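Both complexes below contain chain A, partnered by chain B and then by chain C.
Showing the complex of A and B:
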């Protein structure tokens, strides 16, 4: 079970405090009891001396053979049974006043009377009050236990909340942190060494990762860039060959196919360059873009394709979708989504573009694919289905554009057999 | 027409030269910034193909030097960078066009013709082949002096064919030149076939002496 840090410590404190206080209570109780009996015993011994002394003065005392008001008795004993030792015991005695057995402390000893005969002396005293003390003590201990627990709860709630404020701030920043945005964490004022350490470690970790990410980005950018020239040379040399008349038809076809493959590589390369350019914020100039108009222009461009592929386009524009966006990126965004809808279409050949109100635009298409996995479709080189010609970068570019521009969000849903990509302001 | 190719990659430079010479241009080359400057000072060119990254300087500075000399040469920047900033800067400094490497030769040729036409306003504007006359300025096509109505894509197709009659255009080249890089979308390039079929029909109806011929497995040519 997951629990928050303050409750977590509280749970363990409750148990361990109970144990600590219990041990402490046992020790304290036996210590106090020891002291109480010590006191009681001292009193009994003192009484013994006074009784013996009194018995020498007043011979009537020696005849006290029942516990009466004085709480002692003297019994004559035989010489063999005589024992002078002080023997102390706790015993329960029936008390008529409350009809219960009550604890008594007994002192048993022996002495020789004035008459020279051996006597046994028994003195007792009630220890009821001392037991009440122990009861009170236990109550006090329980009260202390709960009081400490409540204090800890309050301290946890208020003091720890305050103490953990920098931690919460760090956490919040981490939650809003997105990889590759190269945004520095705001430094947090704190006197707590651990938090400062945590913050500086996180900051340096982020910096390291961003650096790696940046290097990778630069590498991809440079690699794609460096590939352009050799590709250009190869393609243009093939172009020159294709212009000659001294080849056979099948050789022409081979050359043309080689050239086509190279062009696919070029388009892949350009997509990668495009991604790294968007990520490098090379498209930061924004203006108000009317997406209705943009979609219409894009659809006009693709007219020939729709015609030959016999794709049916239905547009429902009931509002104007306008937002601040980079015009080039808006173009790429819309054409990538439409191309996606063309590429993954099936024999139903339907593309539905809807703008029902001013902050929602949806592009839907029929397809043989089932609902797509949204955690994967925006990944680079993720390919669904068997499109050899697809480079698997289209939706990744869409995702990168939206993350870069930050004014539109994308949602995907599979509804009524239609794959829908919904752009929301 | 004289063209200077400023390109440090010798292989690429040579293929461009060979292509342009096949197209009957007079071509000179420069592989470095300083060589480029020397040639620009000493000679006049109708068109300069300029690589942005040179071993001893960048093409943009060369372009600035050229503008200082007040020369009328058209400039097309050839860059492997394909970056918006480069493009904008190049065009701001006074380049006439920008072409990202790698490019189709047909595309390069089309761009050269366009900038050349822009810089020679008083010269012959029209492109003609047999009885077809194409006016790039107002995008009109005349066959035997009768105007033929073509849609945007049909006109673009014909324009490319007219630039290089009797040369084979591959389907991919046509698709990319006319439709941008959308060709990867379709499993086959059949849509080009239907566009060309329409164009052929219109040419035939207007009694054009030229016709577009399919070259099996490769593409099409205007004959």
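Showing the complex of A and C:
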């Protein structure tokens, strides 16, 4: 499960804090109990001295053989059983006050009475209820644990959020960056070494990429440009050859086909050149373009083709589609879309151009193909279907034009058996 | 009684190592002899032993009633052990005797050990008490 960086360390803190507090609790408990028992034991030992002393003064003392009012008893023992060492133990004794067994601390030792005979001495006193102490300690520690965790959460939320602001800003910049934009990234102020480093490295990387991109653009532009001349020369030579009449039928066919291929190369080269120019912002001048008019003009231009191919054109203009655009590019845009509609049509041969309201213009055509892959159709040289004739650049040019001009967007839909390309303002 | 005891001890001493050696009362350093004569009675002495170590010499005097008195190499007393019987306390610091009398009435001293900077006293009730070099009470040893 992915969590924010701020909260990532939290889970480790939770576990390690638990371990630390657990260990601390164990140590603390031992420490406290040691202190408690130390004190109790000192009291017992002191009592021992008092009892022994008193027994030499008052002969009745030595007769105390039951734990009565004074919580001690003296029992005569045999010399073999005599043990002068202090033995301290914890034992449970029934306490009438609580009605249950309570923990007591016992001191067992020995001494010689005034009569010179050995005696065993037992002294006891009530002591801390260890269980209760442990319970209280645990409760207190749980409370401490949660309190600390909540504090950390709050710190994470407020303080860390602020600390990570520069990082968030850098991330946002990255997210909105598009290759080939060549827009300068705004430097972000930060005191954190890592963020500063991240930023500068990203900036460098972007610069390097942009440089590569730029070089590629220049290269394509130059290459296309250079290709024009040799192509023209080749076509020229073929033309000269074709004018001669000492060839056989099949030779003419070969030459004609060679010339066709060369023309296709010329067309391809022109498209590439145009793409290069668009990307180099050589079509920057915009004006108010009325697409209704533009479409009508284009349809007029293509009238001959429509007749030959028997294509049906239906137009539905319910509003005026106008926007700022470069006129030349607008021409190419509409031409390409219509040409696309013509090329990829089927037996029905229907092309539908609709303007429903002033923000939407759609060009639709019938086709044998199923829904196209929206993510791939604008890629260069992606061919829809199996048309060997098409160079696959038509839609790519449309895409580049729209990206460059930025005032219109395109959308693709496959609906009611129609491939629909929708231009939106 | 004295003779039989002497013969037995002499016999025993034949088996002891060079460290423990029976000597006569007169071979005890003068100080020691004086001590015994003052607080005990030389007639009550049943044996005198010389305990020789690599580092030091100790003397032990055993009385007929079992009481053992130890001396260092120069004849200064280091321990008087009554073996559960009361001992005379004339030689002990007054403070010690006074304390025992006050804190443990009716209780007698059965052993006193003299160390370089302290005294250890055992009472007839079994308790051990520590005093400092001047006879001030330090603690009850438990």
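What to note about this one:
Please note the rule applied: the second predicted complex is superposed on the first by the 411 of 425 C-alpha atoms of A that agree within 3 Å, B and C clash if a C-alpha of one lies under 4 Å from a C-alpha of the other, contacts with A are read in each partner's own complex, and residues count from 1 in each chain.
As a convention for this text, contacts are C-beta pairs under 8 Å (C-beta built on N, C-alpha and C of every residue); 3 or more make two chains touch, one makes a residue touch a chain.
Keep in mind that what you see is a predicted model, and the values were worked out from it rather than measured.
Partners chain B and chain C, brought together by superposition on chain A, fit side by side with no clash.
By the touch criterion stated above, A:256 is placed in contact with chain B alone, chain C being left untouched.
Shared-chain residue A:140: touches no atom of chain B or chain C. When the two structures are aligned on the shared chain, A:45 is found in touch with chain C, with no touch to chain B. In the superposition on chain A, contact is made by A:86 with chain C only, not with chain B. Within the superposed three-chain model, A:57 lies in touch with chain C and out of touch with chain B [touch as defined at top]. Touch criterion met: A:114 reaches chain C, while chain B stays clear of it. A count of residues in chain A touched by chain B and by chain C gives the higher number to B. Across the overlaid pair of complexes, the angle with its corner at the CA centre of chain A and arms to chain B and chain C is 150°, in steps of 10. Taking all C-alpha atoms of chain B against all those of chain C in the superposed arrangement, the shortest distance found is 111 Å.
Those residues of chain C that touch chain A in the complex are listed here as 84, 103-107, 124-127, 140, 142.
In the complex of the two chains, the chain B residues touching chain A come out as 9, 11-12, 15-16, 18-19, 22, 80-85, 100-105, 153, 167-168, 170, 172, 176, 179-182, 184-187, 190-191, 193-195, 215-219. Across the interface of their complex, chain C is touched by residues 45, 48-49, 52-53, 55-57, 84, 86, 110-114, 116 of chain A. Contact residues on chain A toward chain B in their complex (touch as defined above): 225, 228-229, 231-233, 235-237, 239-240, 242-243, 249-250, 252-253, 256, 259-260, 262-264, 266-267, 270, 273, 277, 282-283, 301-305, 307-309, 328, 335, 339, 342-343, 389-391.
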